[in-house]
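Common to both upcoming complexes is chain A, partnered first by chain B, then by chain C.
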Partner chain A sequence: MKTLVIASHNNATLSPVTLAAVSAALKIGASFDIFVAGKGCAAVAEEAAKVDGVSAVLVADHDALAYQGAENLAATLQANAEGYSHIVAPATSVMKDALPRLAALLGVGQISDITGVNGEAEFVRPIYAGNAIATVTSSDAVKVITVRTSAFDAAPTGAGTGAITAVDNAVDCGLSRVVSEEIAQSERPELASASIVVSGGRGVGSEENFALIEKLADRLNAALGASRAAVDAGFIGNDHQVGQTGKIVAPDLYVAVGISGAIQHLAGMQGSKVIVAINKDPDAPIYEVADYGLVGDLHDLVPELEAKLASVL
Partner chain B sequence: MKILVPVKRVIDYNVKVRIKQDGSDVDLSNTKMSINPFCEIAVEEALRLREAGTASEVIAVCIGPKIVKEQILAALAMGADRAIRIDVEEQPEPLVIARLLAKVAEQEDAGLIMMGKQAIDSDNNQVGQMLAGIMGRPQGTFASVVKIEGDEALVTREVDGGLQTVALKLPAIVTADLRLNEPRFTKLPDIMKAKRKPIAETTAADLGVEVTSTQQQLSVAAPATRQAGIKVASVDELVDKLKNEAKVI
Partner chain C sequence: MDTPERESIEFDVVIVGAGPSGLSAACQIKKQAAEQGKEVNVCVLEKGAEVGAHIFSGAVIETKALDELFPTWKEDGFALGQPVAKDEVYLLRDESRATELPHWAVPPSMHNDNNYIVSVANLCRWLAEQAEELGVEIFPGFTAADVIFDDNGKVCGVATGDMGVGADGEPGPGYTPGMDILAKYTILGEGCRGHIGKGIIKKFALDSDADPQHYGIGFKEIWQVPESQHKPGLVVHGSGWPLSKGMGGGFFLYHAENQQVFVGLIIDLNYANPHVSPFDEFQRLKHHPIIAETLSGGERITYGARAITKGGLNALPKLSFPGGMLVGCDAGTLNFSKIKGVHTAMKSGMIAADAILEALGTDADEKGTTNFQQLFEQSWAYQELYNSRNFGPALHKFGPIVGGGYNWMEQKIFGGKPLLKLRDSKEDYACMEPASAHIKIDYPKPDGKLSFDKLSSVYISNTYHEEDQPCHLKLTDTSIPIKQNLPRFDEPAQRYCPAGVYEVVESDGEMQFQINGQNCIHCKTCDIKDPAQNITWRPPEGGGGPTYPNT
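On to the complex of A and B.
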């Protein structure tokens, strides 16, 4: 029994969500390798080799894997899957795209977005937008799994001595190509792994007003989140959306500003340790999950909070 | 070009989910059921491509017992030209669904398979990717814009860091995200018209697909509920609580 963990990265650095997937892998069994697929990703492989307990790091460095597109990534992983009982990846957009394709190529099912491991064949996962929690088993010879990274702590890293091996069987399917990318560059922490998240909703009112939310986020060194309503209204980009179909977060502190609390949004953040809600409607559903609620006009309260935090932080 | 649009019958997205007393599953008895919202967006996109002259025909396909005719009629009322129902007693696993859809897509020679990115019941987000893998076709998942140019589909995808546009060689599989479009409302005459549109029926055996199962749901539980906390009266009190009680700042 051996698990292959697929690394999440941008060809330069290993994303910390990979370590959450390693944690899930360690609950399945002790033995694991890490697969790095990319282009010019040697530094990522070096980082992966330092993850505590990793046996080997397999690196497929190829033009066809520059964007880790599903067609080439799944085919490359298929070519390297032999000998593994489990293939585990963090549930990032890249892996959600590629892993089901890999499962189909291997002729097996996939267990999506697990939040718990009860042994090598039994897993826990939310269904119905987190309104029900299912325990499922799989009898597939290879278990292909994506991991809800907010549900697992980061595995320790730094003491690993994994052997880095290049594989030369990357596959170029020639089925698709990337035309363009608009990837937001930000100095702020990554939404999926930040310890504090500040999110704005429809109540923020405009793209300009979102600057208030950003200022508060920066004061707390927090990642910036948003509700679907705020993204749909064009206040902020889709990459900030928290919720059932956006990103799932579970920070130490989640500050929801001008967010009413639709169940689809709650599904993305109710695992947070402490939730603060600021809303002008005292009956908003967000208060049913908030540890601390502050009722009032966010346009006054948010700058005041930002200013007062400045004096205590 | 024909567009195949799979649609799934799921709990209506406004309905509160109940768990069965015995903890075996979600209780769907006497529950309002609808087309999965992402499938509805996929139907809408297919119709727009047909209305723009890019596609010639929109075919809805639904897997399930007779009752799923309700969702088939909803897709036909939106404007799909015809439908196919694959008769099965219970919802198969995603891999089997993908195998069934692959057979239908081959039979129909579909140029594009436009489908929802995930169903709001099982939240798997698998079938489109599996279907593309089985058929050896390109995939454009989490689509927020779809354009057909020549023999390619240009798909703008919502990815973790922002947006990515890919060019896919047709035939291709595209899965719809929420911001792809706003589905139209159907009018009464459309619903009447839908009843006269053809619905072909087939089975897994006819399609040569074995309905296997490798996953089992052992139990379903309600999630841990959060207790509502307190309302604080001022920003000062909030800062104090965060610092001294919750100790998160």
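On to the complex of A and C.
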């Protein structure tokens, strides 16, 4: 039994979500290698080698893998899959594109978006948009798995001494190529992996008022989130939506401002370690899950909170 | 951007909806074709992600049609459901008192000996298995978006919906155009207020000689209850509280298998008071001791709602049109006196199959005509509708007590022969009266144990729609909700929708009508009940909507 963890990265640094995939690999119990596919990604390989417990780091450094396009990545992984009983990747957009192809190429099913590991062949995953949790077993010879990154803590890193080996069998399928890349510029942390998230809901009232939420987020160096109601009302774009049909997050601190706490929103953030709620309705369901709650008008309270934080942070 | 061209496939028969009527038609066609040595290609389109996902019913069924279609269903090992052991009927006097009706006072149509408490969703899943074994092709996750007409105005198939269209209406990255499913005969089995059926009835004026169709909204929850409170096979029906004077409807409580009970409330959609919230009526019903004594300490597993076609024979449209026919609740085959529609729906599908087989390969194919109407009128299903034609109108006209008494008389004393012809000619949507003419209803807050809020209810219907798609609920005039419905009726959509799709919110000082299409559980109540008839339900992208388990 041996596991291959596919690294998520931007050719410069290893993304922390890879460490969530490593945690899942550790639970599976077998020794694990990390596969880094990219272009000019030597620094990422160095970081991967430092992950505690990693046996080897395989690097496929090739033009065809610069953007980790699905066809080339899947074919390259197929060429390197021999000997592994488990292939595990964080459930990012890139991996959700490539792994199913890999599974199909290997003739096995994919076990997607797992939130738990019960053994080397038994996994836990949400189904029906998270309304039910399924425990599934696979009898495939190779288990191809994507991991819901908010469900696993980051594995420890720093003490690892993996051996870095270059592999020379990167595959260029020649089927598609990346023409250009437009990266959404944000100085704020990314919502899915941030340790603090400040979210605004319908109670914020308008696009202009959302600036209050943004100011608080900036003060806390937090990512910016929103409930579906706020997005539908046009206060902010839907890439900030947290909830059953938005992003699922589990930060250390989640501040819900003007959010009622309907279960569809809770589905996206109830895994947060500490939840703070500010709402003018004392009966809002959010208070049932909040660790700290403040009842009052957010238009007064949020600026007050931000000012107080300014003096201590 | 170059969009791919639409492809087409040809079948002999296309059936819209993998419900009891559509699947029965599919099975019957294949069985009869095999017997007659004919080769007939049949396909069934189903908008739910899997067969059964959108099937929502009480239900206690008579096995008459199933016995005809698959005579050895029991021997073959199909576990249909829980046989009925006992019937009880109650009149709820107020929030704590009830009177049980003695057996003799209950109209015979409501006795359930030899019937079964079933999950119609699971029945459909089993029918689908039989259908596939017989060679029917079933396509779940595909909507029939529109009808296709040939140059002579005959229906020659349906167009499936496009997938991957963005919320702005433009093709998104995953855009796949729908396909044209061409067929000699199209069977419409979409259930109550099917959007294609609605359009076809209008286009061919199929309802010109009928009374307006009448509808109810049916709510249901499945609860897992403590063993001591579970009486397998017990069927409870009743009426009265909490429905106020002038509101038709009744509740049901069925003790099914696996320590589960099916509890629900049906409310006629001809109610006049715009402040009524059918959802809240259902939630408070559960606090009545007759219901609470079964549910207390239990766990709510599923919630949902669906509109019901209950107009009976007087509202039945002509069933055939050039190129096809309407079956099941799309037509209106529910026998209201028994509150059962599954057996008659199945039978109507089977008769449609017979009619098509008779016509296929003859000159009739050119015009797409069959003997369906005549064959249906000779069937026991039609006879049931004929015998019960006054049941609904009696209750509408005379209220539950006198109406019930009238029905009892008609059935018990006059042997089921209708005495008079009672007409019910006012459309349900036209019955709504101004908000100013009624007192606002102060519904109790949900207690989180027996009663719950709307959003957490929608949550357990497992409803999901692809995020980035156009809103499937179309307003003919976008100003009507705020400019007309709000001042006149306090925009009742906020209340009659069982899923919280419609909201009136204040944004930048102005009132706005917000449509949360994502919450839609495909019940069709808004299409029926909007006093302005301004809302048209169209299918969202295939595969979306609720995912009901064993409803």
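One rule holds for everything that comes next: the second predicted complex is superposed on the first by the 242 of 313 C-alpha atoms of A that agree within 3 Å, B and C clash if a C-alpha of one lies under 4 Å from a C-alpha of the other, contacts with A are read in each partner's own complex, and residues count from 1 in each chain.
Quick note on the criterion: a residue touches a chain if its C-beta (ideal position, glycine included) is under 8 Å from a C-beta of that chain, and two chains touch if they have at least 3 such contacts.
What you are looking at is a predicted structure, and each value in this text was computed from that prediction instead of being measured.
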Worksheet entry | Greater residue coverage of chain A in the superposed arrangement, chain B or chain C | B
Worksheet item: A:167 contacts which: chain B (first), chain C (second), both, neither?
Response: neither
Worksheet item: Counting only touches as set out at the top, which of chain B and chain C does A:132 meet: first, second, both, neither?
Response: both
Worksheet item: With the two structures laid over each other on chain A, which partner does A:262 touch: chain B (first), chain C (second), both, or neither?
Response: second
Practice prompt. Would you check which partner chain A:206 touches, where first means chain B only, second means chain C only, and both and neither mean what they say?
Written response: second
Discussion item. Once chain A of both complexes is superposed, is A:289 in touch with chain B (first), chain C (second), both, or neither?
Written reply: first
Worksheet item: Where does A:238 make contact in the superposed view: on chain B (first), on chain C (second), on both, or on neither?
Response: both
Discussion item. Tell me the contact category for A:81 with respect to chain B and chain C: first, second, both or neither.
Written reply: neither
Fill in: Set of chain A residues, in rising order, touched by both chain B and chain C
128-129, 131-132, 228, 232, 238, 244-245
Worksheet item: What does chain A use to touch chain B in their complex?
Response: 67, 69-71, 74, 92-94, 96-105, 107-113, 122, 126-140, 173, 175-184, 192, 196, 220, 228, 231-232, 237-239, 244-245, 247, 252-253, 270, 273-276, 282, 287-295, 301, 304-305, 308-309, 312-313
Discussion item. Going by the contact rule set out above, which residues of chain C touch chain A in the complex?
Written reply: 453, 455-456, 458-460, 462-465, 467, 505, 507-508, 514, 516, 518, 547
Practice prompt. Under the touch definition given earlier, write down the residues of chain A that touch chain C in their complex.
Written response: 128-129, 131-132, 202, 205-206, 228, 232-233, 238, 244-245, 262-264, 267, 285
Worksheet, complete the sentence: Per the touch rule above, chain B residues touching chain A in the complex are 11, 16-17, 19, 26, 93-95, 98, 117-118, 120-134, 136-142, 144, 154, 157-169, 172, 177-179, 214-223, 226, 228-232, 234-236, 238-239, 241-243, 246, 248-249
